[in-house]
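Please find the structures below.
Consider the two complexes below, in which subunit A is the common component and subunit B and subunit C are the respective partners.
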Partner chain A sequence: MSSNEAKSVTLIFQNRVCTLIQRFQSWVRLDSGNLSGGQQLAVKYFSVAVILFFAQIVFGLLAAIQFIAPGFLYEILDFNVNRMVHINAMVVWMLYGFMGSIYWLLEDESGSDIVGLKWGNLAFWVLTGAVTLVVLVYLFIQIGSGTDSSLWFINEGREYIEAPRWADIGIVAVMLVFFYNVVATFSKGKWSGIAGVLTLDLVALAGLYLAGMFYMTNITHDQYWWWWVIHLWVEATWEVLVGVIMAWSLMKLLGVRRKIVQTWLYIEVALMFGSGILGLGHHYFWIGTPEYWLTIGGFFSALEPIPLVAMVVHAVYDSGVHAFKTGNHPALAWIIAHAFGNFFGAGVWGFMHTLPQINLYTHGTQWSASHGHLAFFGAYATINIAFFYLAIQHWRGDVWMAGGSRNAWRWKWALGLLNAGVMGMTIALLIAGYEQSFIERAMEGSTWGGYFSAQNHPSFQNAMVWRLVWGLVTFAGLVLLIWDLLTIGKEETRKAEVIAQAEG
Partner chain B sequence: MIEPVALKDFFITFFSSALIIMAGAAYALLFAWSKIHTNPRIKQCAYLSYIVLVIAVAELTRAANFSGYWLLISFAMVIGYFFAPIGIWHLCVKTHDDRTTITKRGEDR
Partner chain C sequence: MNETPLWASESFWKKTAVWVTAGSFLILIVLTLDSLSKTSAGTQRVPAYTVINQKIDYRFDEQLNKYMPVIGGEQLLFGKRFTPEEAEQRVTLGKKTIQAKNCMNCHTLLGNGAYYAPDLTKAWLDQGWISTELREDMMVKFLMDPEKNARTYGSGRKMPNLNITEDEAKGIVAFLKWMASIDTNGFPHHFTSIETED
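Let's turn to the complex of A and B:
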């Protein structure tokens, strides 16, 4: 092909892509003129979050099939790769959702334009480019044994934080831009209690990630620091980040007074950090740390559900005393799903297997996966989805979004299918984990043979079939959710009711 | 030394742990509800939930072989889960600064 022909083919391709984008834009009828600079940046984060959510479910389904048919895609797309992409896509889409939510609320909360918006946009493209490249390397290049250079360019080998070292450094750089934007914008505008908690939490969030970059040859030391990132991110800093997002959205959705949400945010931070930090010890059973860590972990794990109990009391108080109105029913429904999911996933499913007397048997079995599925979905995915609905409403010009609207069945069914699907997977994995703990660990003493006995037991295999079935239900819910996000409020002409925020 | 759960106590350990959190939440919910609606039956149900929680804690203590300083966990749960909803309720009232509204609703009934 000559260079002229190549140029014309490229031009035709570019024109087609542009036409497709224009058609898509006219179909979804979203008006970016409704959005401020910070909100435009936020919706970029939300868009990538939804794509990664889709990838998470697809790769999860592939891995679920491989549990039942181990030969499926063998040496083409192996189980270890599917599982890794499934988990990392989940971690990264949560982060994209959180960052988008913070950028969304930043200008409103500070009363100022985002200071480093250009840097924020640049950081978004750098992060997205890096995530794409890392996933492509996982899928197509990650073959064969590793060398020292693999740590830098292929895979760092730490479960859940497998990003190679160059991407680790890139992530820290992007987080520094994010941190600068948050602090500088609040400094230029006005500080609030929410702003203070957010700033301190971002310091802890970035600081903990650095703990995951130590490389040690002693596996106990390595696991010790690895757990700092995994446990403290999820059970301390992410929970507080979600508290910040929740506090702001309660003011916007329900008109709750600032004084109330800020007071509860401080209490939540105290309870979360008070119980969550030392609850870290409940992970330390198998890694050779001193026994006092298990006692400390057990004690504080027993107290970890207290913030969730506080939430129950406060919710009853609010719903009993005040008549709530909201202008965005899907967002409120997802926030309610968050409250239930967080309580069951983190509270009930968490405490069932954290005490070392039982964790000896359950650690790292499908029991952990059962807890993980419900806790991550309940505590984090739900609140991000609530924010997607808040964003899409504003993007469409603050249109009416209520339970009785046209095509409201879509968000209701998406809500039902996603929650039922995740709950179904949780129960199926609980049964599989029970079998595994019982047969592999308790009866056969954690031997290699015990592992295979448990994997081949009919109860385990049946549970894994049911996990796949409920995974497909979850996938159906996700497809419906994406369809709904693209279309909800498109033909709506009524404006949403403005919820006045109570003073004080 | 930590003594692991016996094989026969597997299910009861999982079940009693889950029941502690569920009964704790039910007690908190019913306690808060009894403050809004002054119906003595709701309060009785709240205390019944708390009794379930105490039984679950006792069963977990037995099944998970708590002894020595491990018993502190049982005491922390029995005492902490009783007083937490009461304390949180008072915080709710203070933060909302809305006591008259609740009293009035209570008196209407």
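Let's turn to the complex of A and C:
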């Protein structure tokens, strides 16, 4: 092909892509004129979040198939690649969702324009470019030799934080821009209780990431710091972050008084950090650390469900007091799903196996996968989806999205299918986990022979088939959710009811 | 009558949140300093890398009522006595290879990771290696060509070929031998090691 031919092919391709984007834009008919600068940035984050959510489920399904048919994609996309993309896409889409939510509420909460909006936009494109590159390397290069350069440029090989070192540094830079925007905007506008909690939480969240950026040969120390990132993110700073997001949403959705949500937020922070920080100990039972962690970890992780009960009470009580009167039913429904999902997934399912006496048998089995699926979905996916609905309503020009809205079956079925799908996977994995703890650990003493006896047992294999079935249900729910997010309120001409916020 | 009681006031809970957070974090820092010093390589809980020159076993301790690593006399790895520097180098190469080959997204190490393949915490002591004489050779061969030397126990789950060199494979074996010597508070429980004579 000559260079002229190549040029014309690229031009045709570019034109095709442009017309496709234009067609898509005229089909979704979203009007960005309804959005402020910060909200326009927020919806960019939300769009990438939804794409990564989709990728998460697709790669999860591939990995689930490999449990049933181990030869599937052998040496093309092996289990370790699929599973890594599955869990990394999850972490990253949740962070995109959180960052989007905060950019969304920032101007409203501070009463000021975002200070460094240009930097915020630049950081978004840098982060998105980096994420794309990292995923391409994961998929096409996959592994390297046992040298530092592999850890810098391909894969750090540490569960959940596999991103190569160069990307770690990029993520920190992007987080600093984000943090600057939050603090500078509140400083220019006004500080609220929500603003204060958010700022302190972001200091902790960004700071903890640094704990995972060092190479250590001593695997006990390696795992010790690794859990600083993983546990203290997921069971402390992320929980407080969703507390902030929920507090703000309850004011917007139901008109709850600021004083009430802020008091609740402080109670939640006290309980969350009070149990979550030392609850870290439940990961320190078996990695070589001293025995006192058995007591500390067991005790504080037993307290961890308490703040989650508080969040259920908070959300349900407020909804009841305001008689479920809201201008956005899908968002409120997902907020309620969040309150219960967080309590059951993180609270109940977590507590079920964090006592050391139980954990000695259940640690490193499908129990963890069962807990992980319900907890991440219940605590974080749900509230991000609630926020997507809040955003889409405003994007459409504050249209009616309460009772009697058009095509309401779509969001209801999406809600039902996603929740049923994840719950189904959770139960299937719990059964697999019982099988594994019982056969591999209790009966056969954790040898490789014992491991495979459990994996080969029909009860275990049936459970894995059911996990795939429920995974497909989840996927169907996700497709419906995306369709609904793109179309909800499109032909709606009625304006949303204005929910007045109670005084105080 | 209209006054808010202390327990329901915003400022009371704000102060509580700050104090509880700061207090918990402070305790965590103190415990972290203690834990890190007690788990440096070369301590009772986490032996020095030169432990790869010795025999390692894992047995039930009647007095402590849990399974404990037992470090015995000399048992060289690949017939070579490693100096402290060489031993650390070997184990480091093994650890870096384990990270670069993304092992943790199938296997678990100290119980953390994925569950598609066996836990490697006490892999050095697993009876799957048949006998202590055959072990080292079998491990290296398996790592370098897992498809031909697959140990699938009828599950059909095969480790892919990860282009592991002989040097890297020996590093991994050193790393696994060293990891087997860590005192993990009795995890895994009820484990029968390859050293057990019956």
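Definition applied: the second predicted complex is superposed on the first by the 486 of 504 C-alpha atoms of A that agree within 3 Å, B and C clash if a C-alpha of one lies under 4 Å from a C-alpha of the other, contacts with A are read in each partner's own complex, and residues count from 1 in each chain.
Note that a residue touches a chain if its C-beta (ideal position, glycine included) is under 8 Å from a C-beta of that chain, and two chains touch if they have at least 3 such contacts.
Just so it is clear, the structure is predicted and the values come from calculations on it, not from any experiment.
A.B. asks: Between subunit B (first) and subunit C (second), which, if any, makes contact with A:361: first, second, both or neither?
C.D. replies: In the superposition, A:361 contacts both subunit B and subunit C.
A.B. asks: Output check: A:246 vs subunit B and subunit C. Expected answer is one of first, second, both, neither. What do you get?
C.D. replies: Once the two structures are laid over each other on A, A:246 reaches no partner at all.
A.B. asks: Thinking of the overlay built on chain A, is A:287 touched by subunit B (first), by subunit C (second), by both, or by neither?
C.D. replies: Only subunit C; A:287 stays clear of subunit B.
A.B. asks: With the two complexes superposed on chain A, say which partner A:442 touches: subunit B (first), subunit C (second), both, or neither.
C.D. replies: In the superposition, A:442 touches subunit B and subunit C alike.
A.B. asks: First (subunit B), second (subunit C), both or neither: which does A:302 touch?
C.D. replies: Only subunit B; A:302 stays clear of subunit C.
A.B. asks: On the A-aligned overlay, A:347 touches which partner chain: subunit B = first, subunit C = second, or both, or neither?
C.D. replies: First partner only.
A.B. asks: Check the residue A:316 against both partner chains and state whether it touches subunit B (first), subunit C (second), both, or neither.
C.D. replies: First partner only, subunit B.
A.B. asks: Which partner, once the models are overlaid, touches more of subunit A's residues, subunit C or subunit B?
C.D. replies: C
A.B. asks: Examine A:473 and indicate which partner it touches, taking first as subunit B and second as subunit C; both and neither are also allowed.
C.D. replies: neither
A.B. asks: By the touch definition at the top of the document, which applies to A:202: first (subunit B), second (subunit C), both, or neither?
C.D. replies: Neither partner.
A.B. asks: Determine where on subunit A the residues touched by subunit B overlap those touched by subunit C, and list them.
C.D. replies: 259, 263, 267, 291, 294, 360-361, 442
A.B. asks: Using the touch rule from the top, collect the residues of subunit B that touch subunit A in their complex.
C.D. replies: My answer: residues 1-5, 7, 10, 13-14, 17-18, 20-22, 24-25, 28-29, 31-33, 35-37, 64-66, 69-70, 72-73, 76-77, 80-81, 84-85, 88-89, 91-93, 95-96, 98, 101-102, 105.
A.B. asks: Quick check: in the complex, which residue numbers of subunit C touch subunit A?
C.D. replies: 8-10, 13-14, 16-17, 20-21, 24-25, 27-28, 31-32, 34-36, 38-41, 45-46, 49, 88, 91-106, 108-116, 118-119, 121-123, 126-128, 151-158, 160-163, 165, 168, 171, 179, 182-192
A.B. asks: Report the residues of subunit A in contact with subunit C in the complex, numbered from low to high.
C.D. replies: Counting only subunit A, the residues touching subunit C are 63, 66-67, 70-71, 74-75, 78-81, 83-84, 142-148, 150-151, 154-159, 162, 193, 197, 215, 217-224, 226, 259, 262-263, 266-267, 269-270, 273-274, 277-278, 280, 283-294, 296, 360-361, 363-366, 368-369, 436, 441-442, 445-449, 451-453, 455-456.
A.B. asks: Could you pull out which subunit A residues touch subunit B in their complex?
C.D. replies: 259-260, 263-264, 267, 291, 294-295, 298-299, 302-303, 305-306, 308-310, 312-314, 316-317, 320-321, 343, 347-349, 351-353, 355-358, 360-361, 434, 437-438, 442-443
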